[in-house]
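Each of the next two complexes has chain A plus one more chain, namely chain B in the first and chain C in the second.
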Partner chain A sequence: MFKNVSKLIRGEGLSDAQFGVLLVLPALSILATIILYPLLNSVILGFFDASLLSGREGWVGIQQFVELLQSPRFHETLINTVIFVGGATLLSFVLGFALALVLNQNLRGRGFLRGSFILPWITPGVVASFLWMWIFHQHYGVVNSVLSQLGIIDGPIAWLSSSGWAMVSVIIAKSWKSFPWFMVLLLAGLQTIPDQEIEAARIDGAGKIQIFRYIIIPHIRFIIFVVTLLGAIWNFQHFQIIWIMTEGGPAHTTTTLAIEVYQTAFQAWDLGKAGAIGLIWMVILTIFILVYLRLSGGVEDVSA
Partner chain B sequence: MFQLDSLTSKIVLYSTLVLMVLFAFFPIYWMAITSFKSSGEVIQSPPTFYPHNFTLEHYITAITDQNLLTYLKNSLIVAGLTSLLSVIISSYAAYSFSKYRYSGRKSLMGLVLSAQLFPKAVLLITLYLMMQRLGLIDTYPALILSFTTFTLPLTTWMLKSYFDEIPKEVLESAYIDGASRLQMLHQIALPLTMPGLIATALFAFIRGWNDFIFALTLTSSDAMRTLPPGLTLSYLGQFESSWAGMMAASLITSIPVIVLFILLQRYLIKGLMAGAVD
Partner chain C sequence: MFTKRKITLSLILVLTLTLVLGSFSTVAVAQDKEEIVWAGWSGEEESSAPSIEWMMSSWEEKQDKAEVKWQGWPWSEAQRQMILRIKGGNAPDLAQLDVSWLSAFTELGALADLNNVFDEEYLQDKYVDSMLKAGRMNGKQVALPWTLASIGMIANPVILEKAGISQLPTTIDQFKKACEKIKEYDSDIIPYAAMTKRGATLKDFQAWLWTFGGRIFDDEGNVVINSDATINALEWYKEMLEKGYIETGMSRFDARELFANEKVGFYDDAILAKGILRSKSGMGKDFDKYMTPMLRPVLEYGDKPQSMLWGHMLVMFKQSDKKEVTADFMDYVTSTEVGLQYFENLGLPPVTEEAQTAKALTSDPWAKSWSQITKYGSPNEFWPYPDYAQLNTIFGEEVQSVLVGKKSPEKAAEAMEKRIKSQIEG
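The block that comes next holds the complex of A and B.
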């Protein structure tokens, strides 16, 4: 018996394909236990009345979904999510792309600059949140101080506690943390463009904007697409910066899906409703992922 | 790419660079100088742009704060063990994805890649119930297991790209010399990818170090908290925060990952593509 087990572990008597599967099994069983099962179970809870205290109770069918889809509060959450994901993805893309174009030039110290610009991205989220809270502080923050000295504002803006500005603040903080990621990948894309092509276009009399439009963009269209989509997916599930800076407030104005699920599950203890939100979320996310897998040409080439 | 010929393009180029330098580094500069200001100077209006009364008192307070040291210890243990566990398990899976061919392989790879895109908050609903049932709330195993949900896909994907770089001939010649398949992995493939293994482990460590939502939810006592939830609960829980102390603690929290990152520069792109993000 034991002899057989050790033989099996060493993979003797197995075909190569069987041995390959054997090697994947440990990782797969862990993923199944801590990702697939929890994911399925969480969304299935959406059909039950369930709380953290009493556990799963009665089957309620689609009642919780109907309630959610009819609730104005949930509509606000969806709109907030779109604003946050759209705003933070767009801003970090624009900043990252502008910087990538600059750093693709023959500047002195380019390697050093590229390395240094990674700093915001590696700063732990808790630190990024703290420092932007401090910068946006209503009374002692440097932003209000500079803006009022320049005469742009009359009185201090309550960045984190007024609706509208709170969303602007969290989008800026998140974009500060993620623009380097866009920069590095877009720069890698820009560096694959052969110099000869640009040179040839220039000789043919193409201007800078034409070169940008007809050579650079088509060349890196794919990487632009992948980077934007992945960035949007990460922002979609982003929790930390919003939670630390505003806790979804004031008055629910920065509550995204991630914040809503967390509050519903771990502050209101309503696991059923949280699961229902989770299922709606997964439906939206699945569309994103399918598009991503489709357009990344099968998974094989993604890491190349 | 563009010729730096005209004055206009130079102006556009350098002003973009200057603005981006300001945006990227001013917050970090501001954090650093705030941490060296006296408590009175911190709330001075208008603020000072360098510390007039330089002091280390906030650092002394931070490193003598028993709670902060506990968070630091917990973060090291949890991020370290998570990283170790995921590298060990994922090196087998990654090797299999890279060197063996079987049906369902591509779907499995897609599944592993997609796994890190699933919302953590949704996973957490059931993970919490599981840990509660197993009596693991507020323990290291709960944190390590839950962190593995986001490190395992990352490490599998990164390691696969390293195994892809090992030429088939190297393994074939070992096979001819009579090595078993497991020996080929342990004695040839793994040593060859050692730098990649270390880089992968460090990326996993950084992600574990930075996690917030799992550690916030699955711990309930100060004794088990890691740095991100620990700092958040201790500095934002008070009525009026000590901003200078907060900035000093922030800087201390950032230093380990910044040091690791400087070491990891040349592995960056692989890590980024595998999802070492957020």
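The block that comes next holds the complex of A and C.
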């Protein structure tokens, strides 16, 4: 046995690939414990009537899933999630892409500007949430103050406590936090486009819009696809900005899946139902990921 | 191969070091004194933190058996954090609880029976009987009262006077007229900073529900909230919003800030508002002339002014292995001496029989007025339920849905009944 261990230590009899696997095995084991165990436990809880206060009480099968899928309130949560994910991803993408196009030009102070625009991304999420909560505050907020002074509004708007504006407010806050990530990746993509192609197009008489449509977009189509999809997946899981700014209100109008799970587990103490919501959530995200895996191969091939 | 060997040996060394270092817990210097952990939220609030600090340090000076370590969170997080710690086997020794949380912690099976550490007769002699009863669940004494009063209304007499209101309103109609006059006097002042923000404080609407003759449960425990009284109360609240007398998105935190800056005519708070408003206004005791407790207006003359009981309790956890010394600290914190000092600092009424006749209490105008408010106090109707927080959320969400125009009062009352029934029945 000692000979075998000694051989192992000397790396004899192992290929480089096998040796590599051996090196990552401890980290993988820890990762599996930290991620797999809670994941499996949460999935299993969805099939039980389980309370955080009194423990697991009995098997209920798919009853909780059926109740959720038939519940108008859960449908509303799903719709809120789609609106939040769609709005935050789109706004972040548009802002990020616009700034990437600007920063791709040969501007004076470009380096400083690139650094400055990263700031929202590195601001801690809780800090950003409170910042925007105060910006949108009905009485003390900058938004109402500016709009009022410009004569656009007569009186303060309750941004975070009116059913339409609350969702707009959290989308704006999340987009502010996320756009630098879009900007950085899209800028990296733009910088891979050969200058000669753009120059050649210009010589051939192509305008800016034609260059954008026929040269830039095809070149970075894969990057656009990846950043948009990953951004959407992260927005799907986002919790803190919505919780701090509105707690899912007013009247459930900003409650997304993340908020619903939290409230179900830690206000209603209903771990079973929270597990069921979590599993439905995971299924939806899995569809996203499968789409990504299926299409990314095709998009990458075309781009190449 | 030589490189692989080096890498493997380095990896084994790193793993071994990590295991060895990770297995050391924080090295504790050998101490003669025990340490008990006290959890809650008052130690996190600016106005009450010095009092909590004083309680701990003064007890430590009186005895040499133990020290107290504070473990705090904001009120909105405290219940959740404590439950998670208990489930994780890391419960503190004692905790400050909101009286409404007792049923949840009892359901959890986490609370120690205090009759195992305190003599029953001693407790009955020491505490006001009704306050001691508030800490009994399922026949066991699971909590000691620390302070008990109710959520009442507070008015700014200076604003009222300037608005031409000569006396505190006593009926709903008078209250509406008073709000109208405040609005006319200064449109920047919010006449009534009613709780309308999503969160635990929307439970305040229950007191208005009772004012209009509504109830959530009848005497047999049936859900009866879908009633004309509820619809009338919701319609009134909606009307108050439409007239600009209340605002959406108002939390107790916002209301206190605005009241302390003389931007609010009336708002709802607990008896400890005096200390908080003195602190927030920056004026200290000079702010006293800007605040006065008032009875909640009634629907018709002769009706009982409603208020919701409120209070803090002290509990000991079963997981504690220092029950005797913890009991000693709990006894100290709820003593007459400490209670009266706490009352002087923050206006929170003490709970011992002896303290009820203390001059400091009987001669204090704020406390005297508040005792009238508490006289008509009723417990939150959701108190007996372990999922009290979720029931409050349902109640508050439906009230909010009326205020934001998402539902009519009729639909909201119907939804309240359906959802509350569903939550209780599981």
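List of remarks:
The working rule: the second predicted complex is superposed on the first by the 274 of 304 C-alpha atoms of A that agree within 3 Å, B and C clash if a C-alpha of one lies under 4 Å from a C-alpha of the other, contacts with A are read in each partner's own complex, and residues count from 1 in each chain.
Please note the rule applied: contacts are C-beta pairs under 8 Å (C-beta built on N, C-alpha and C of every residue); 3 or more make two chains touch, one makes a residue touch a chain.
Because the structure is predicted, anything quoted here is derived from the model rather than measured.
When both complexes are superposed on chain A, chain B and chain C end up clashing with one another. Judged by the touch definition given at the top, the superposed model places A:Ser54 against chain C, while chain B stays out of reach.
Contact with chain B, but none with chain C, is seen for A:Trp176 once the two complexes are overlaid on the shared chain.
Touch criterion met: A:Asn104 reaches chain B, while chain C stays clear of it. In the overlay built on the shared chain, the residue A:Leu23 is in contact with chain B and with chain C. When the shared chain is aligned, chain B and chain C each come close enough to touch A:His139. Touch criterion met: A:Phe266 reaches chain B and chain C at once. When the two structures are aligned on the shared chain, A:Gly86 is found in touch with neither chain B nor chain C. After superposition on the shared chain, chain A has more residues touched by B, the comparison being chain B against chain C. In the superposition on chain A, A:Thr253 makes contact with chain C only, not with chain B.
Contacts of A:Leu160 after superposition on the shared chain: chain C is touched, whereas chain B is not. Touched by chain B in one complex and by chain C in the other are residues 9-12, 19, 22-23, 26, 52, 139, 266 of chain A.
Those residues of chain A that touch chain C in the complex are listed here as 8-12, 14, 19, 22-23, 26, 49, 52-54, 138-139, 158, 160-163, 246-253, 263, 266-270. Contact residues of chain B toward chain A in the complex are 1-4, 9, 13, 16-17, 20, 23-25, 27-28, 30-31, 34, 42-47, 89-90, 92-93, 95-97, 99-103, 105-106, 108-115, 117-130, 145-146, 148-149, 152-153, 156-158, 160-161, 164, 180-182, 185, 206, 209-210, 212-213, 217, 227-228, 231-232, 235-236, 243, 246-247, 250-251, 253-254, 257-258, 261-262, 265, 268-270, 272-275, 277-278.
Chain A contributes residues 9-12, 16-24, 26-28, 30-31, 34-35, 37-39, 41-43, 45, 52, 55, 95, 98-99, 101-102, 104-107, 113, 115-120, 122-127, 129-132, 134-135, 137, 139-140, 142, 145, 149, 176, 178-181, 184-185, 188, 190, 193, 195, 198, 202, 208, 211, 216, 230, 233-234, 236-240, 243-244, 257-258, 261-262, 265-266, 271, 274-275, 278, 281-282, 285, 288-289, 293, 298-300, 302-304 to its touches with chain B in the complex. Chain contact summary for the complex, chain C toward chain A: residues 1, 3-5, 7-9, 11-12, 15, 80, 83, 87, 104, 107-108, 196-199, 247-249, 254, 258, 263, 386-387, 389-390, 393, 397-398, 400-401, 403-407, 423, 426.
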